[in-house]
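Each of the two complexes below includes chain A, the first together with chain B, the second together with chain C.
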Partner chain A sequence: MTEDSTQPGAGSDSGSYPQGTAPSGTGGTVHPGPGREGADDLVRLVDHHGVRHPNRHYDALVADVDGAALQKLYEDMVVVRRIDAEATALQRQGELALWPPLLGQEAAQIGSGRALRSDDFVFSSYRENAVAYCRGVDLADILRVWRGNASSGWDPYTINMATPQVIIGAQTLHATGYAMGIINDGADSVAVTYFGDGATSQGDVNEAMVFAASYQAPVIFFCQNNHWAISEPVGLQAHVPIARRAPGFGIPSVRVDGNDVLACLAVTREALARARSGGGPTFIEAVTYRMGPHTTADDPTRYRDANELEDWAARDPLARIATLLDSLGLLGADYSDAVKAKADAVAAELREGCLSMPEPAPSDVFRHVYSEPNSWLERQQDHYERYLASFAPAPQEGTR
Partner chain B sequence: MSTMTFGRAINAGLRRAMDEDPKVILMGEDIGKLGGVFRITDGLQKDFGAHRVLDSPLAEAAIMGTAVGMAYRGYRPVVEIQFDGFIYPAFDQIVCQVAKLHYRTQGAVRMPITIRVPFGGGIGSPEHHSESPEAYFTHTSGLRVISVSNPQDAYTMIQQAIRSDDPVLYFEPKRRYHVKGEVDEAVDPASSDMGAAHVVTRGTDVTLVTYGPLVPTARDAAIAASDDGVSIEVIDLRSLAPIDFATVEASVRKTGRLVVTHEAAQSGGLGAEIAASITERCFDYLEHAPVRVTGFDIPYPYSKLEFHHLPDLDRILDGVDRALRRPNSLSGPETEGAAL
Partner chain C sequence: MSAPATDASPTTVREFRLPDLGEGLTESEIVQWHVTEGDTVELNQIIADVETAKAVVELPSPYAGVVVRLHEAAGTVVDVGSPIVSFRIAGEPEAVVRPVPEDEAPARREPNLVGYGAAVEKGGRPQRRSRSTVPAVGAPGPQVPALEATVLPATVLPAQAPAQTRTPTAAPKRTPVPTAALAPGRPLPAVHDGLSEASSQTVVAHADERPRSTPPVRKLARDLGIALEDLAGTGPGALITRADVLAALAGAAGPDAAVLDAAVLDAAVLDASTASVGSPEPARDERSAAATGEIRTPIKGMRKHTAAAMVASAFTAPHVTEFLTIDVTPTMELLAELKGSRAFEGTKVTPLTLVAKAVCIAVARNPTLNSSWDEAAQEIVQYSGVNLGIAAATPRGLLVPNIKGAQGLALVELARALNGLTETARAGRTPPADLAGGTLSITNIGVFGIDAGTPILNPGEAAILAMGAVRSMPWEYQGAVALRSVMTLSLSFDHRLVDGEQGSRFLADVGTILRNPAMVLTMV
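Then we have the complex of A and B:
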């Protein structure tokens, strides 16, 4: 790789691919064309020092992002990081069975999530809680699954986002099918599917790209390459940068610095515009890093080097925007205090929503298996309800 | 009323469903210009357009997964799986998504997907073209599973399956595609229940339960048995999940004897479920243990041996004899009346 060696940590974006197999110059938009800036492999508008780099292709896509908008993006990232920390705490306190942290992936999710229109539809995995935040989810709904109170947290049609998919990569097909439906409807909305580097090994993801290309479906494949699929490094999943696969399916692709919220916004906007105008699917590889464990049940110290984490901590998505805002004189005490107050309020709302969540009733176990009456299930439910009723206190003497 | 083949009846049912609801779309391999390898969708792409009859790339998981996405968007996809043995790549999407999304989303997302599966043997095909995988799906909560045995049901029940807000697997007995029958195309699909079993031959001595391709065989067996003084009541289940046990139970209470026959392998199959459920429900009425006459627990055999695997009229009658404690293949001719 030929990344600028003056940047600390540069080169390790691709360093997880097996030695010698990562090609040089796989930059930016592989097809069709623009987006490569200098020797760097990635689309990057704000580097990890907080320096804004002009980009003759992508600047136009974020020309509207003024200081206030940048402050809002930063606030979003602070808030979702706080949501993540609060949920992790709730798990440690026994209020959640499990939690999948997104720590480190805030820019990829906020940058892409804030590019979407309300009538676009998201099909995500289970780590896209920041995207759900962008979609306007009720905060407690994020936790319902992890508290064990429901199999999913919300009605997908209220925020146009399917509830988290657990089967790795399965949702990419749903997004593609949804996008095929958009074509039939003559609409200009877009389906956006989120998945990780591990998912790219799944047949479903590859088949989704075949179908998306064949039908020119308005779908965005947003791959967060966070370098780890539980304990397996990305090099085990892919011998070339993942974005390079998409052109083989006939899908234009782009590698973006997934820790640069502005760049993520820009590339997603470009992909959305392509999809809305009949240009079909786009594959985005957002190169980021899962700074936490896979879930709260995981222990990454068993499989990854602490130095790697340090390298990525130096490329933190929040810190670079804070530095940039500071350099612009936009990180004053009033603003910082307001951001902190917002995060605190959201965390308090999340915690309250978690602790006050209504418990499901025993009979809910049978509900919604079918939308129509089912004789098998009715019989089992009837038996079980009579069984439960058999534990009711016996009538006291004299009451018969 | 008109006379048409089984295959033509499905085609007519699909056409009517597409006429009535613009959200009905067909997806599958070779179903467009070709009309499907069995020509079931013949002419539909020409009449409804390529946006409603989609020739899909050859990937069953993706056909099913994109159908899920279409259903999310408000469509009612009808997916054709080209052959029974090709359904397994789609198994994950069917079991983990199609079957569970309504439950997962507490009723917010409906999956009104119909999955058409030409199934069963008897056509001399190579491996993977003659299987009976229905029990995998009857064991999966959230799915409805039906199997049709005659042109009228084929016509009516494909429409009922498409109208259902729950996902339905529609198993078509491919060796009966060319059987002709009377079809009333004016029948209102809402006027009957696709979940109801039908008594197709009345009888008093033995209840013979089957579905799909073996229904005609069972009727023939009943005719043959009547020559021998045995009265068989034949029940066409039609719905395999859920099974209309009330109809089966009423029959067994009358006859006291149950024989179940299907092409699928025996162990863990539908026959086991039917035998267990009927034993639970009317144990005191049974004169003999339920008898299963099924395919063997083998991979579907090569075609020159397939008729050893498939239950036929004589094997069914042998099972009836066992249920009646008459001389049969297991008891031998000398042990009439002995319990088995």
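Then we have the complex of A and C:
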């Protein structure tokens, strides 16, 4: 254990992370040019061996996380991993058109998601299903869009989380605008936007950061650097750690071990406190890894080095917390059984919710176009229904 | 077994139709079934591997129940929406049976491969790459993404290609940079993986004066490891053409280069790395590593598995190795004849093909060689069929996929099976089933120009035959010395199972066949 607790991984081969840029041999030569610090500038409280490292600054932010709270965080991660696995299976079984797995990113999403207050508002990408779980989403609603059952999965105001944005990075603008609204309201809630390393190349994200800094808006830019923008390695588009871009916009930033749920909780809490007290935006780069494919339609073995996956499997976010709990005597059979039962129950609920989802009627396509009645649209709907009625008898049950 | 449930218990038969596993796919190939009819499966149990245009994926069972029918065999390309497997599910009312009415069969869709996934040729997977993490020193140079590491088919790499992309044994970090490979006069690397700033700058410096060529030709050159800078274009305005690249390949690749294995290349690259003087600004560790010529590599992945298997085999089975050197001129003549025959048109036949056949014939006369020692059960397992393993150097490392039921294959079938096995292995696509269940193996060290060795048994097998290179040598022939084609066979066997007598008889039989293929008439 090093004296400087901000660098707990220093000197350990398997524990040291790539510099947030190119993993070795991924095709780019890119690495931070001036100054090669950054390799071990990650905030890390629990290393990949499950060892808790004291940290002068961040310990206070998670002082309330006792054994029971840590057990809850672990349970959350097990459950969302199970949700992810079940949804992947449902896609393979033809029940979903597509699914974007989050395998490997559980700690980044649970750690940050559990730091939020219910009146904070989340603007996420399509991979943040663990965040949605933290927000209390109805499980079947996560799948609704992927099943082609609805245009959006849930009412954003019931859980204060916008439905997932598929346009890369666009949600950062929505979050910043919402945060500017919070200032106008005089409230102390915070907008949190999630996006990936690839999104940081989008104009939207950069514009959002300019506006967030200009207005000192209470918004958190939570970037999950999972190392791959579909098939492009992060090093290709980030010559310096992504977090180091933010200060250029006037936004303080932090790099955190995205596979350390406790550290993710701590840095998110710090950013939330800053935003609530008028301190403006924060950029968090959670360095994690997408262990699965980009989506179920992707084959990462075509572009990814197998060694890399092995390296990151050794840094699994769940395994380290299990080890820590075990060392604290908190991973007893009763607890483990309960966690497994919870995950099984959630998976069963998810599957049942998916399979029992009513098929939408053809005319449902006309709903939600306008919030108020529209005579021209009603006319179209009428025509369409009469057209469909001409095919008698109509099929009783849709087939897949 | 395949009939739907007819008993009185309330059961349902449900058909599972092939879903669209990607986005907008119209068909997929069933690579492999993991279940057979009659198997009981759990929900989400993996029942098959399916290959789409985008990926090989695992199919989880949508039901818990009994597999009553597999509608399609492995290897079949199935339209999306066609039934592939039926399950009998207990405890559901009979009425829920859902057959597929013909008119509900899915409408044929046009392929629409939008959006996702890297567009890579079949089999063009990235190989396990160097674990070096030498970052660029100083300001990052311009990126050359088009030159990023690309898969190089092992079969066509010319020997002089720098091949920096494939150094599985390079250091985990602080790799000495193989600048020696970039000495004046040496060809510039066509493939650049960013190992060294020096090479990066060199490539960038030359980027402006890149020889003229078209993108498909540049890709071809890159795939083949040919440096365009070395070529003189014969097209209009000195344009480098496809023919120029192929001509360079033919010139560069010696007769043995085509079969040069990844391991050999790796060793060559390693030598170059070790001999190099390091990067322009080597860190202290790099200097010391270069000084001692030491490169440390974490033991993991294939290397780890291979090591464990070899240690287990070497220290479990007492190995005996015997050698036999024979005049295989008649076999080579037969080979030439087969190559010209219509039956073998389009089929590659090599000395390995005939050795494999000879082994199958010889093992039928000496079945002890085709057995296994079951320590746990205290039993000797005698196999009736031969699952013939072929040691193959692949992008993933050493693999020994086997040909199931090799003893029953006619020579032409065996030749095709060998070709298929090798191609699949080279492409890194060997399915796990091909690796399991081997009973006897052959390793062809002759392709490396080696004569003999003491091969280590593939774990669980009783024998392994190493075939050496076919050499033209002075040899006794009809009472005089003549130049003949001579080969050495090395046979290792598990002395727990196989005595010297049986091993010797087997090896002698193989030798007899290769010395005079007509002698097969006395054996079968």
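Here is the rule we go by: the second predicted complex is superposed on the first by the 349 of 400 C-alpha atoms of A that agree within 3 Å, B and C clash if a C-alpha of one lies under 4 Å from a C-alpha of the other, contacts with A are read in each partner's own complex, and residues count from 1 in each chain.
Here, contacts are C-beta pairs under 8 Å (C-beta built on N, C-alpha and C of every residue); 3 or more make two chains touch, one makes a residue touch a chain.
Not measured: the values here are computed from a predicted model.
Participant: Regarding the shared-chain residue A:94, is it in contact with chain B (first), chain C (second), both, or neither?
Facilitator: second
Participant: Which partner does A:295 contact after superposing on A: first (chain B), second (chain C), both, neither?
Facilitator: The answer is second: A:295 touches chain C but not chain B.
Participant: Touch test for A:151: chain B only (first), chain C only (second), both, or neither?
Facilitator: first
Participant: Should A:391 be classified as contacting the first partner (chain B), the second (chain C), both, or neither?
Facilitator: Touch status of A:391: no partner.
Participant: Give one of first, second, both or neither to describe whether A:305 is in contact with chain B, with chain C, with both, or with none.
Facilitator: second
Participant: When the two structures are overlaid on chain A, which partner does A:239 contact: first (chain B), second (chain C), both, or neither?
Facilitator: After superposing on A, A:239 lies in contact with chain C but is clear of chain B.
Participant: Residue by residue on chain A, keep only those touching chain B in one complex and chain C in the other, then list them.
Facilitator: none
Participant: Quick check on the complex: what are the chain B residues that touch chain A?
Facilitator: 25, 51-52, 54, 56-57, 59, 61-62, 64-75, 89, 92-93, 96-97, 100, 102-110, 141-142, 144, 164-166, 195, 241-246
Participant: What does chain A use to touch chain C in their complex?
Facilitator: On the chain A side, the touching residues are 13-14, 18-19, 22, 24-34, 36, 85-86, 89, 91-95, 97-98, 230-231, 236, 239, 293-299, 301-307, 310, 399-400.
Participant: Provide the residue numbers of chain A that touch chain B in the complex, in ascending order.
Facilitator: 121, 123, 150-152, 155-157, 162-163, 167, 170, 172-185, 191, 203-204, 207-208, 210-211, 214-215, 367-372, 374-377
Participant: Can you check the complex and tell me which residues of chain C touch chain A?
Facilitator: Touching chain A from chain C are residues 16-23, 44, 54-60, 62, 104, 115-118, 120, 124-126, 128-133, 135-136, 138-141, 143, 145, 148-149, 165, 172-173, 193-194, 197, 200, 298, 300-301, 396.
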